[in-house]
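In order of appearance the chains are A, B, C, D and E, and numbering begins at 1 in each one.
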């Protein structure tokens, strides 16, 4: 019984901390105490956390190198924007449709490509991501390269924060279950995994679809915060950006992905004051971190939960 | 000629070789026999520098080669016939042999030695232009041996040359090994085919889980009940 | 392995050092005001990296030149202008985030970004904070006007003319002056700019009785156009309209002529760059025409002076973006003078009322949709020289 | 139904790029039997295992398991039917804990649904406890319970070998296939392993097929042996029959046996 | 028919350039299993060196190309030593991220030094002449690009096939450990590979400069990606594959632009890539290798 009690206490503490964090920011925003600039940074952080955590499910936990995450984000962003902006449907419909649409795209792309291994998979996903972009560029209904402008700003702090938390909770819960172990075993040794009775194809596709679906969520939130979406925003360099977060955080570490997403967003913001050399510095930091910590900031470990009072339910 | 002294080798947390020592006298054939996973190949890899021992030393011709880069060790006069042959499958037979002589400079001498290998292995000569990957198992093994010979080694390390070969071929390969030795090359032979190995060796070590458990004159070990037991069970 | 890392570190350190040193040396580009309180902050939010880095850089250079000249002449309202320069990486969300940061720095107005998309990213922040944005080169119609409501966006201005105007202008010219009946459009499909122009050209040209034989497209950073050109050659048109930017258009024209296409080719202000001549060559450019705000070959003293000053400072020819960046600052200064105080809202009101402002890209008045009403010119390339063909008042 | 063997393999052929690895391989194993497949390195033993477990597709022949032909099935389906194996060159999930390694093998019997896992329903917690209890039970038998939180890669070789067996056992197989389980173990460890194999056979009512290169293990533990050489069965019989079989000794020790 | 022939001519020179860049991707991949995303940017550096050699030193085009090749060979070796070698035993994805970092660094450090604007190759460096051959318009620069690319590929073939260094490169990429046992220094061989690949990229860069007579700091991204696709198409790690892949890409692009919709050109290129990967994952010339259990 002791164990069960602990579980509920932990959960209570987690919820409390998150609620406090949410309320604090919400208060600062309503009271006008938080500069708009920081609000935008917070929004970017939430979106990047969703992207990094969802890609980390594919790249970090399943071990399938995907370079097309921006493509799924694009699918979500466009679907959501069409729903709200052009069809005047409520935001929640847009979000759900974005997740489902991106998930479906993940399924369509995942089923044929996930047979490929390693670099070949990476290339195929990169190619698919670019195909999505080029296709959007050629659809007049969504204004081709100009994209959709004037999307209502519906992504409030509640949506952004909620979206990030739901992504983290779902993916952490998934990873820390028997299904998650099955997924991780694919990364560790696909053949052994298959021979231990795990339908590796099914779980690879599952991880891919879930990851893509959340990328769609990030896209929907992005579209309704930043007012404009165009195909160019979701090119392969954007996929690289997300990949950088995941690898920098440590493959197979959710906390790592979160920390790296926050770090990179903050770094990008901090480098704004050095317009001439921001990209040079960014590149240098990337190279240096990789040379000195090739396994990423966290390796495949999670941040010690004890210190931070277990923010989310994890392994025992 | 070669003295391996108290080497410890680890693969991650696995202690693969435990204070292992062996000696190889000049001009002899020494064999290292034992079960799969006992540490035979690791021993050879450590001698050729591919694996680094955590402690202990390797002395070759009175020089410490423990920390010498693997690609330099060939130049010192040690060449290896690796386990599973490891020939360059997409290269031709001749090219494989040329690779064996990579560190040698004189083109004419190399060409002479290639001819020498061809005299030793006439079947390779017929297939000189063929890609090595298309050779049969036995031919590949001959190529691997020929390639190691091209370095003009003083000591030749051979890792399971009989693996996967038909009995007739095994016999042929072992005859060749004997012949190479009789022409002055010292040989350290790792084998799972114990009797075959013991029949041509001068001295033998039996290795079990990274340790030498038995050693002695090869001819004596051949009839030793202990070896038989180790292989065939009690 | 360790030694490798050490060498790596050393070289990286050297790079960082050289960059830092470079920044120290190049610091002159961002002069600070005499005293903190005395300066008027001007946000410069442009694309210094990413896809359209060269447009942003040129506009920035033009804007900085204008600010320096004004400061040297004593500033505005007794105060110096202090540019705060930021790189929006050619990404809309970055443009938004930067605008928010700039607004936090109490800027009186923001110059840039260059592309319509990036301006759109910036727009909500500017609107919310009631700070005017002056777009040097965003030509899409809906930059200053909300598509849905038809209302003018109060705080968004621009100094370039918009797509419908240029497209119409060239179509009129093609039909009337060149007597073209069969045209092919080969446009930059990766920008709303190229597509917008193509659309308005087609509308007017067909209204005039012409036919569009085909519409081909290229995308940014394309350098090989011969496949589509070979196709176009087979259609044998008597006019080809190529709305796009010079980076693509110059090699395009060159390749067209190399393939033996002799038909007249028309274009737009995106053509205006010294690179047109150096890339395409004098011969290839003969029999080509484009609409523009101004010409760097213009003998107007104001233009000559600008070109001279720009060359002296940056050692390169100013292109249209540089001129538009320069004019963006100048029109802002005019607005500040009219407003009489450095207040963003007052400045906005003043900007909306500007009439007959003499910019180097022409005399302009801001209309009620915040677009500049200014003359367009049609220039012809003759042996590498831009020759004014006609000037058309809207 | 007694006449039906648990597994019956007939006329199995497999070649790689023209080289024949297994030829006309015939084999049967009864329920609850402990059979050894022996032969020198490169004889094709592991290939046989790979064919049975679906890693390779045979060119010819059929593999009947409980009256069903396994040929053409995916490895995970074959595992679900009740065939589990270990690997000659240990293939543990290196970066995972020992406990997780074993838990993964129980996945085919996962007691809760995906949504239940994501929503953390009570069923999930109950299920996880079941899984853990079961995994610990197996680890206990192999005396590895105290190592449950160690990363698999950090354990000594012998223990890694044992975890491989535990992991295979956790899939609740009917037929357990062990590929050189004693490789790299010293005689004492080997001895202990034999005891364990005998024990689990009775405890879990298993049928066991094992490959060994080292004959000391198989002689002691197996009831029946098949000897493979050059992809073909050269002998079959009880350990004592095999030990005195001339062809086997030749295959093993080379020709010049005294 | 004439138009078709003209499209072939157009595609061939483009393909030759892709092939040269693709060779670099393929050889680096073959030897260290790294997708060197910075390769396109090395090409850009080569084009810049060529440009400065033409404008500042006033050399002719061949000297400029040689200078670019030498400079980039040194440069490529440095990049490998500094950025990639420390990661040789790390995961491949870490190396991949580093390559992305190097790519960004090259692009933006160049912008930092020289500005983002394109630079125009001087007209005098390569005066264009057009030849009409049976109704086809063939330019001297087409001939120049095609011939020099083919010559470089022949030289490369010679090096790979017949020289000791080339054989060592093949040996290392086939079996690194066995190569070490032959006395081949892996580090040195990898350095040489980078030198050769970067020199080829530099040559391609100068050719692109001649071909389009402009160079700019971001010019490497798109051709880099295309060439990479070409390398995979032919079978990454396989040298003749990269050559064929390059020509296939060049012709494919021209054909799509010429007979389809040029806007779908990239989509078609990527679509073909995916198609090839799905039916033959190791590329047109690749050999499928199963994993050993």
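As a working rule, a contact is a pair of C-beta atoms (placed from the backbone, for glycine too) under 8 Å apart; a residue touches a chain by one contact, two chains touch by 3 or more.
Treat the numbers as computed from the prediction; the structure is a model and nothing was measured.
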{"item": "Interchain contact steps from subunit A to subunit C (minimum; 1 if touching)", "value": "1"}
{"item": "Selected pair, greater C-beta contact count between B-E and A-E", "value": "A-E"}
{"item": "Centre distance in Å when subunit B and subunit C are each reduced to the mean of their C-alpha atoms", "value": "72"}
{"item": "Averaged-CA centre spacing for the pair subunit D and subunit A, given as whole angstrom", "value": "40"}
{"item": "Centroid spacing, where centroids are CA-atom means, of subunit A and subunit B in whole angstrom", "value": "53"}
{"item": "Residues of subunit A engaged with two or more neighbouring chains", "value": "137, 191, 276-277, 279-280, 284, 287, 291"}
{"item": "In subunit E, residues with contacts to at least two other chains", "value": "83, 86, 108-109, 111-112, 261, 263, 266, 293"}
{"item": "Sites on subunit A touched by subunit E in the complex", "value": "59, 65, 112-113, 115-120, 122-124, 127-128, 130-131, 134-135, 137-138, 191, 236, 240, 243-244, 247-248, 251, 276-277, 279-280, 282-284, 286-287, 290-291, 294-296"}
{"item": "For the subunit B and subunit D complex, residues of the former touching the latter", "value": "12-16, 35-38, 136-137, 160, 163-167, 170-171, 192-196, 199, 208-209, 222-223, 229-234"}
{"item": "Of subunit E, residues touching subunit A in the complex", "value": "29, 33, 35, 83, 86-87, 90-98, 100-105, 107-109, 111-112, 225, 228-229, 232, 236, 261, 263-264, 266-267, 270-271, 273-274, 277-278, 281-282, 291, 293"}
{"item": "Subunit A-facing residues of subunit C, complex", "value": "5, 8-9, 12, 15-16, 19, 22-23, 26, 48-49, 51, 85-87, 89-94, 96-98, 100-101, 103-104, 116-117, 120-121, 123-125, 128-129, 140, 142, 146-148, 189-192, 195, 219"}
{"item": "In the complex, subunit E residues that touch subunit B", "value": "164, 167-168, 170-171, 174-175, 177-186"}
